[in-house]
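Following are the structures in question.
Presented sequentially are two complexes of subunit A, the first with subunit B as partner and the second with subunit C.
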Partner chain A sequence: MMRREIPLFITSVVGFIFVIRFFIPHEPFYSLEDVSSSWIQVIQAFAIWLGILNLLKVSLDKIYKKERGWGYSGVIIFSFLAISIAGFFFPLWEERPAGYSYLQHAREFLKPGTSFDWFYWYVYSPLSSTMFATLAFFIASASFRAFRARSFQATLLLLSGFVVMFGSVPVGNVLFGWLPAGWQVSDIADWVRNVPQVAGQRAIQIGIALGIISTSLRLILGLERAHLGREE
Partner chain B sequence: MKVKTGVLGIGLILLLAAGAVGQWLLPPLEVGAKDAPNDAGKSLLVLWKLSPSDTKGDKAVEGYQILRARSAEGPFEPVGTAAKGDTLFTDHVPQNGTDYYYKVRALGPEGVFAESETSGPAQSKAQWFNTERVNALLAVVILVSSILYFVYKAQSGRELYIRKIAGLEEVDNAVGRATEMGKKIVFCPGRLDMDNVQTIAAVLILGRVAKLAAEYDTKLEVPNVYSMVMVSCREVVKEAFLKAGKPDAYREDDIHYITQDQFGYAAAVDGIMMRDKPAAVFYQGAFFAESLLFAETGNSIGAIQIAGTAQPAQLPFFVVACDYTLIGEELFAASAYLSKEPRLLGSLKGQDVGKVFTMAAISLGVLLATLQTLGLFPREWVAAFANLFLVR
Partner chain C sequence: MPGMVSLTLAGFLTLGIMSFVYKDNPIYKFCESIFIGVSAGYYFVLIFYQSLLPQLTDKIGLTGALTDSALAYYRQSGSLASVQWFNLIAAVLGMMMLMRLLPKIGWISRWPLAFVIGSIAGLKLIGELQTNIMTQIQKSILPLWAPQYVDGSLSLAASIGQSLTNIVLVGGILTGVIYFFFSKEHKGVFGGAARVGIWFLMVTFGAAFGLTVMSRMSLLIARIDFLLRDWLHLLG
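And then the complex of A and B:
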């Protein structure tokens, strides 16, 4: 009972206070945002350990039980240990600046030239970039499916895409230069971007804003409580 | 004697020159200071009328320097500068309730300046209500009242019509398909923490998916970006399994942490999909560049995919690559829609009242702006109407 009622009570009180804070710039409400932001950071700092320990436990379990794909878990454990050692203990094998204690030096693990920095630039960064780069191929395959004119809407999408694409590159106006002034393909592309596209985006955003207010109100009033582990 | 006369002569010439400069560089006029409105205090507005020397095209005034003191006699310390043509400066003072005095200097070329009379005293203080947000308060009151009204109506047994949301209708089928195929379900609750409403909405949907998964004995995996979200997801899934009478089927490690790194998470989820080939994948919550990486991978393995996000930039990717997509507000409506709980459905109807008001305001604004373009309505009135909806 208390396990759910206390979080509900906290949600309601904090929710109401923050709504009030938006309209009252006076203390004690004014500084609540900064205070809560600090609290969130403290909680997140502790919570990250929860995540790390869970990741290690799940990965070690997979290795121990030789579950399918356990090799990937091995890579996780190895990477975790390597980057942790590089971050925490690099002053043990790297030259320490004159007059620096071990801890003073250890605080500079982000500086260029450290082992941690090496891992960042030569392991982490290329891997991240690789993942991001695959997006280009996925966009191509997704576009191929989306732009097949199978229905009226899909045809409309295809035509809009065609116009916006040609309107965004110089060759578009060369190929369609015979169109009258003001009706050039770049003008039509600008219109598509600035009128129907913006109208659609704003409609979605207004719906989202109302949805957020409605959901927040349900949470503050305690009508919505499934996220606490009880589905009404 | 001749040398002394020469020095005196040069001094006289310099004094005359300075006097001449002083004549064409005049100080700003009517300097005043007052408390900045609608704030938490510690701010004063310093206002003045432009120096008569500050004219367009004339380079006599290069800018203004604002000086502050705690007494009318000084000493005055510079606290900031304002550009040529400016007549307002916001000074952030150290204390509320303390008298401050101001002078404003018109700055000329080569360090020449002309100083105003002393102005003040002025005191800063915090306000108890931000009058610029009256419109927002009114909107909140209308929206909250309508939501509460419809919640009350729903509780008293009135049947409410809610349009069908295809993506949510398909949740049961997606779980059923996974059961028939003997494959798992993957649920991604977005890439933001529990302080984001989208994540909360995602966790609420997870409750329904987990309940079905428990009833059908289907494995459910929830890879997480944040450990706080992981804990919430565990609570919800555990409760769903308990409610389905299958507490033994609940496996805590199926709801696990991955990483807070964007592409690390993307690689891990793609890996899970490629290795385990889940039959159904749910992407609910806030997603960014990884949305298409997920959706295309899911598409390539033939999984039924149901996405839902309030990130407008990611919606096209989900629409293209997923079978069903909850667009914006549908994500927030999902919990009420799936639970069929009258109180929650009532809140959706109340939300519709907000939409009606918004549409009416937009339509009226379009009409007025059109009339103004045709010269049938004053521009100032259209601007005043638009300002009614501006929240500062």
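And then the complex of A and C:
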């Protein structure tokens, strides 16, 4: 009961209250959204911490058992500790503005010049942007495989991708400069983005919204139980 | 020259990640591990200051930095009744979430999960209907003949152009939605409409793919620019 029925009851009651809130926009339902969004932020924060703590647990486990590549797990732990110490304890070694308490100073951890800011600009930012930048190479090889015009649908995919890519860079208009005015590749790219792409996106959005509505209804009615995991 | 040391570190990390393009290697793995650890730490700190402090400890008055609304209430009434003690429930729910780390009592984390899923399901049930269905349909009801006036007189060319655009837009949305309707077999006129819907979806995916490639390319150019200009000073 504690493991399945109570969570199901919580999901249904909370979900039902939020649906009622829409039809009865008065207290106490009215302020529920504020309270709930604040609580959700706290729970989400703990959920992200859970993920991070789990990463540390797995890494420590790997080091303890001396599994293959345990050294890299050590690097993970070390870098985690380094940026965390910089974020939480930088007021200990950096000059504190007059009249500021430790916490008031610590809250300014994102200000330029702090140790945490240094980590962001010289470690986190180069690593994350290069990681995403290298995807350009893999996208190029994937597009080589995907963009072969084997069928009419694949040709459409190829053409719209091609037009949007060439329409976004000056070289597109130089290569296709012979096209008449108003029909330049950048004009066609704008049209593709504003008309057929908008049509497709709206159809997808409507489809997704219908899916979300039906799943929400199933959750509130207790028909959908996947979020509770397997029966034990 | 601490600036140069920092730039050299950033340059080394950039090259380390880029080395994966050649093949998987220990330097890439080392940089990748730093990325994992630093990302985890970055969000660990960020969440503490930007979610937990304002939403939890500030609201229950623990940090002595009450929220603006609580302070305003305090100045008016002279009491601290507005300190929102009920937010402690959120802290308890959050702590229950962490129980997932302990296998024997991991099931406790289902309670806060049930709360989050229930609230989001309740909010989305109506919210999606309002924003993503009603608004999208409202925006899609367009005149199929859209007369355009230039200097007060009807411009046939502009009117035909706008009307064609509207027809493509409305037709694309209708056929796209038909494609997602699986309760009826895609045969005959319905099947034909669904096929046109796929064409629109293909154009959408192609354009999205093109934009993704371009955004990745600009990131790559920015990294190469950093290496050659900021770090090695090879570009002016």
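Assume the second predicted complex is superposed on the first by the 164 of 232 C-alpha atoms of A that agree within 3 Å, B and C clash if a C-alpha of one lies under 4 Å from a C-alpha of the other, contacts with A are read in each partner's own complex, and residues count from 1 in each chain.
As a working rule, a residue touches a chain if its C-beta (ideal position, glycine included) is under 8 Å from a C-beta of that chain, and two chains touch if they have at least 3 such contacts.
Bear in mind that the values here come from a model prediction, so they are computed numbers and not experimental data.
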Partner touching more residues of subunit A, whether subunit B or subunit C: C
Which superposed partner A:Arg107 touches (first subunit B, second subunit C, both, neither): second
Touching partner for A:Leu223 - first (subunit B), second (subunit C), both, neither: first
Partner chain in contact with A:Lys57 - subunit B first, subunit C second, else both or neither: both
Subunit B versus subunit C as contact partner of A:Phe16, first or second or both or neither: second
Contacts of A:His26 with subunit B and subunit C, given as first, second, both or neither: first
Which of subunit B and subunit C A:Ser141 touches, first, second, both or neither: first
Partner chain in contact with A:Leu92 - subunit B first, subunit C second, else both or neither: neither
Which superposed partner A:Val174 touches (first subunit B, second subunit C, both, neither): neither
Touching partner for A:Tyr120 - first (subunit B), second (subunit C), both, neither: second
Contact residues common to both interfaces of subunit A (with subunit B and with subunit C): 19, 22, 40, 43-44, 47-50, 52, 54-55, 57, 69, 72, 127-128, 131-132, 134-135, 139, 143, 146, 201, 204-208, 210, 212-213, 215-217, 219, 227-229, 232
Subunit C residues within the subunit A interface of the complex: 6-7, 9-11, 13-14, 17-18, 20-21, 29-49, 51-53, 55-56, 59, 63, 65, 86-87, 89-91, 93-95, 97-98, 100-101, 107, 109-126, 128-129, 131-133, 136-137, 139-140, 165, 168-173, 175-177, 179-180, 197-214, 216-217, 219-220, 222-223, 226
Parts of subunit A lying in touch with subunit B, wherever the complex brings them together: 19, 22-27, 30-31, 40, 43-44, 47-52, 54-55, 57-58, 61, 68-69, 72, 127-128, 131-132, 134-135, 138-139, 141-143, 145-146, 201, 204-208, 210-219, 223-224, 226-232
Subunit B residues touching subunit A - in the complex, by the definition given at the top: 38-41, 126-130, 133, 136-137, 140, 143-144, 147, 151, 193, 195, 197, 200-201, 203-204, 207-208, 211, 224, 226-228, 230-232, 235-236, 238-240, 243, 253, 256-264, 266-267, 271, 275-276, 289, 292-293, 295-296, 310, 312, 315, 317, 320-321, 327-329, 331-333, 335-336, 339, 341, 343-344, 347-348, 350-351, 354-355, 358
Contacting residues of subunit A [partner subunit C, same complex]: 2-4, 6-8, 10-19, 21-22, 33, 35-36, 38-50, 52-57, 69, 72-73, 75-84, 87-88, 103-104, 106-107, 109, 116, 118-137, 139-140, 143, 146, 152-154, 156-165, 168-169, 192-193, 195-210, 212-213, 215-217, 219-220, 227-229, 232
